[in-house]
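Next come two complexes, and both contain chain A; in the first it sits with chain B, in the second with chain C.
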Partner chain A sequence: MNSRLLKEWTQLNKNGNKYYLCPIEENDMTHWQSEFEGPNNSPYRGHKFTLYLDIPSNYPMSPPKVRFKPYSMPHVNVDWKTGAVCLDILESMWSPIFNLQYVVESCLRLLTEPNGESPLNLELGILLRVSDHTGYNGLINYYLNHPHNSLSSK
Partner chain B sequence: MEGYAYEYSHDSSMDSITFSDTEYPRNSYENKNPKERGISKDKLIKNTIVDHVLTQESEFDIDDNLLYSDDEYDEDYDDPYMNSSFIEPISTIKERKGLSKGSVPNLKYECLTTQNIFENMLAKVHHLQPIFNIPPEDILILLQHYDWNEERLLEVWTDRMDDLLIEIGINPSSGNISSSINGNGQMRSISDIIENKNSYCNNQTETNKDENEEYQIPNTRTRDISFKNNFFCTICCEEKSTETFSLECNHEYCISCYRHYIEDKLYTGNIINCMGCTLALKNDDIDKIMGHPSSTKLMLSSIKSFVSKHNRNYKWCPFADCNCIIHLKDTSSLPEYSRLHYSPFVKCINLHKFCFTCGFEIHAPADCIITNEWVKKARVESENLNWVLSHTKECPKCSVNIEKDGGCNHMVCSSCKYEFCWICEGDWAPHGNSFYQCTLYKNDDNNNNNNNSTNTNSITDVNKSLKKYTFYYKMFNEHEVSAKLDWKLGQNVGNKVKELQEKLGISWIEGQFLTDSIRMLNEGRTALKWSFAVAFYSDASHNLTKIFIDNQSLLSKAVEDLSELLQIKDPEIIMKRKTDFYNKTGYVENRTFALMECGRDLLCKGICKAN
Partner chain C sequence: MVNNRRRKSNQLILGITLAIGIGTSCYYLWKSLQNGEDRKISDTPIKDATNDKRNKSRCVVVTSSVIDTMNVIPWSQLLEDEEDLVLIVIPSCKDRFHLKLDPRFAYKVIRCDTVLGVWSCIKSLKKQELYVNLEEFPDGERNMPDDIPRYVPHITYWKNEKDILTTFPI
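On to the complex of A and B.
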């Protein structure tokens, strides 16, 4: 299955980098990371994020394990402490035809389209549910500006 | 928790002893329902045992004069050597017990395997084929999709059969292959996933267009394996001369990728779709791709999830490595059991006995409520003590073990698709509105503990009750350990019987008493073990509790005595002491019944209750 990852890697290089997705170390194809800026039409604009992708040995039959850098992503579907992402295509809806680029794109899309149904961040989940947009954006901003200041990181 | 896991390991050793083929002619247990078969002469004895174990009322109903008294038992025996029917002690007791006032209804059940159930399903397919008028393979997929529920399928079928065939992926939809992956949309965070799957699929094909254009031209609309030179597979991204497979959708992938893909999915029991769209692979396709009849694995997995989803009527034998399923067609008598504080024990063809209601091993004198309470407590306490956080949980619906490997609390069971909350194990649906409540509950608990710690009286109370619990839990565990040792002992029994046969030239039937002894020993031990759960929840000041505890110690003694007798290695001495074996075995049986009846009394009178 290695040639699949190599192929993805060459493809990414060819297409230029809309965002930066690459193996963390050149000679290890099992750990990737992606760095991107928050989308403009989201409360994350102007902030940089890092996404880690761990590739299981039976990739692409199994999806990569994906998480944001801990204590960096205040998002309804992301666990603040661990960075774990709750996304259906990374679980039951996974298909081997998806690739890493698609996974990163999906995570990016999650930033503009949070899903209140599967909250990992309960506070944000409640604000989203009651449609308190000011509170919602405000809390995200607070998190973003105080990344290591939250209760949970004590 | 610890005691729990352990219980299963000792159960597994059970399989290998006494009931092995060498001791028991196989065919005497192959029968699915021993109760219903005719009794031929040479099986008479065995049947007596089987019936004894199978018949519920025989477990507990016992003549009142046997209760709390043990002096008259020995007189009941003539020289059993001379007696042709060796099982006398047991059958005598059975007769004497008769049906008492509190008698419970008989349980009628059958013991099946997944294979048996699958065969029943195939019969259904056969029956449905003229109605549906589509290939049996397609009916199998339909049934699989509808959890083998014929009625539901028929309902939907008459309403909208064409849509159904497309939706389930049996027929390709004309034009765009679109939204139809099993209506499981709830967890969808990106709503148009399917579209994406397709657009992505196209994307990739596009990228590779120039490399393998000539092979992409859809020359066929059939599902089959073909051989391609220099085929570029978009899954593994290798270009090779290989066999490929595609369905009518022409999503073509190399055979090795297809095999890996299918391999992983055979155990889920779910319909396997094309990697690029929602078209379903039929059993025939799966077997073709895998090169051997792998689809049976998929079917059996599907049956397994069927069983789990119908766990009111179907129960897995909980014993390790046992694949039996007990099917109780009519569950209407079950409430009567719980009303009388009995437990509906069933027995699989491997002679494993377990409670149909709660799925635990035979747990009398405790009833299901006490048992569950006890087990829950054991779980909580062991977690409190070790702070071990479990990363697996049983699906609250189908009990399949689910591993939590991320932070996501929204769990979807891989087997039955039940969506639940990791924190409270409740249905996920209401969490849409009140997610916070299940965490608040836990916080409340913490607060209570904090309040308690300021109160010195309650702290000693807590310590006291913890001490009490630790004691009973220890006893419980100790007997579990002993039971395991007993089983080891039992493993030698088979050899002893064989030795007896060879050395003394005696018949199988004559050596049977050893097997009976070890079986009774285990039953006594198990009853003893669970009696500590009953004792823990009983009002210690009540007189009946004291009687119960006396009965415990009497049974302990009886059990240890019999256990000791079974240490004898010399077959000749064993034969000489046959009467001892009878007496001690019978005594254990009587003591066990007495303890059970006494425990039931505690429950009926409300002296023992889960708080």
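On to the complex of A and C.
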């Protein structure tokens, strides 16, 4: 078992695990999940989200693979279908000093600070690029509230 | 000999009577089945049409003429009743389009600051039907992007209020 992960897990339990970050199954430290609410100063306010973290065998030398629950996160840097997240610290900017909590916090920060430069959701990317904030928030709000979205194949 | 001929004649009459009887029965049987079929056929579209309306996914672009129908067409009711209807409001109308809408359905109205944003919302939502009056878009922005039909299979181009009332009869 990865000692670094055990250490992180112990730390989380000691310091109050505010993002409910934990291994999905008790005896498997390679698949984690986190649950959190959308930040107040964002169109995600009032909604709950689940983030999945798959840990590679050489963690922390390589970053975890991170994705939201599919069809749950309408965000310019998140693939709507797969939930995959485009974030620099999960790719070229990864450093072994980062931990899982930092990864979750970075994903949470992305909800208030979307990056229009690397869109995975093209239409939201355009709305952001042309500074159509009303349309951007309106479209996100639509997806978050539409009852069929969790089953959508869009 | 005579008896023989009479017997044959009787058999012939019996045969013809039986044939006519069977023929008539078959005709009436076929006719009654046909009526049943007709009833089934004529029932189906009405039922489907009702289902269609509830299941259809539609996107309406709100321009001036849509605002003019606000006193006639119960837009709030439509948004509450129709599962998959969304209204996208163009920039020049976003402050003029106010509905008394149950907050649970408010998400079905998307206001935009830009025309480019309107088209992005339409592409993202990928509804089955789009209703739009391009003539009421701002000058220089009345052309629909070429790729919109790839995202929405059925597009209805409204020209005036009458067209809207035809689509959404009261």
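Brief remarks on what is shown
We adopt the following convention: the second predicted complex is superposed on the first by the 146 of 154 C-alpha atoms of A that agree within 3 Å, B and C clash if a C-alpha of one lies under 4 Å from a C-alpha of the other, contacts with A are read in each partner's own complex, and residues count from 1 in each chain.
In the analysis below, contacts are C-beta pairs under 8 Å (C-beta built on N, C-alpha and C of every residue); 3 or more make two chains touch, one makes a residue touch a chain.
Quantities reported herein were computed from a predicted structural model and do not represent experimental measurements.
Bringing the complexes onto one copy of chain A puts chain B beside chain C with no clash. After overlaying the two complexes on the shared chain, residue contacts for A:65 are found with chain B alone; chain C is out of touch. Judged by the touch definition given at the top, the superposed model places A:146 against chain C, while chain B stays out of reach.
Here the apex is the CA centre of chain A, and the angle it makes with the centres of chain B and chain C after alignment on chain A is 100°, in steps of 10.
Between chain B and chain C, B contacts the larger number of chain A residues. When the shared chain is aligned, chain B and chain C each come close enough to touch A:126.
Using the contact criterion defined above for the overlaid structures, shared-chain residue A:89 touches chain B, although it does not reach chain C.
In the superposition on chain A, contact is made by A:138 with chain C only, not with chain B.
Once both structures are overlaid on their shared chain A, chain B and chain C have a minimum Cα-Cα separation of 6 Å. Comparing which residues of chain A touch chain B with which touch chain C, the overlap comprises 126. Residues 83-84, 86, 94, 107-114, 116-118, 120-121, 123-126 of chain C are the ones that touch chain A when the two sit in their complex. Remark: chain A residues 1, 3-4, 6-8, 11, 58, 60-62, 65, 67, 77, 79, 81-82, 84-89, 91-93, 95-99, 102, 106, 109-110, 113, 115-120, 122, 125-126, 129 touch chain B in the complex.
Of all residues in chain A, only 121, 123-124, 126-127, 130-136, 138-139, 141-142, 144-148, 154 touch chain C in the complex they form. Chain B makes touch with chain A in their complex at residues 181, 184, 186-190, 193, 196-197, 200-201, 204, 207, 234-238, 257, 260-261, 264, 275-276, 405-410, 412, 414, 432-433, 435-436, 439.
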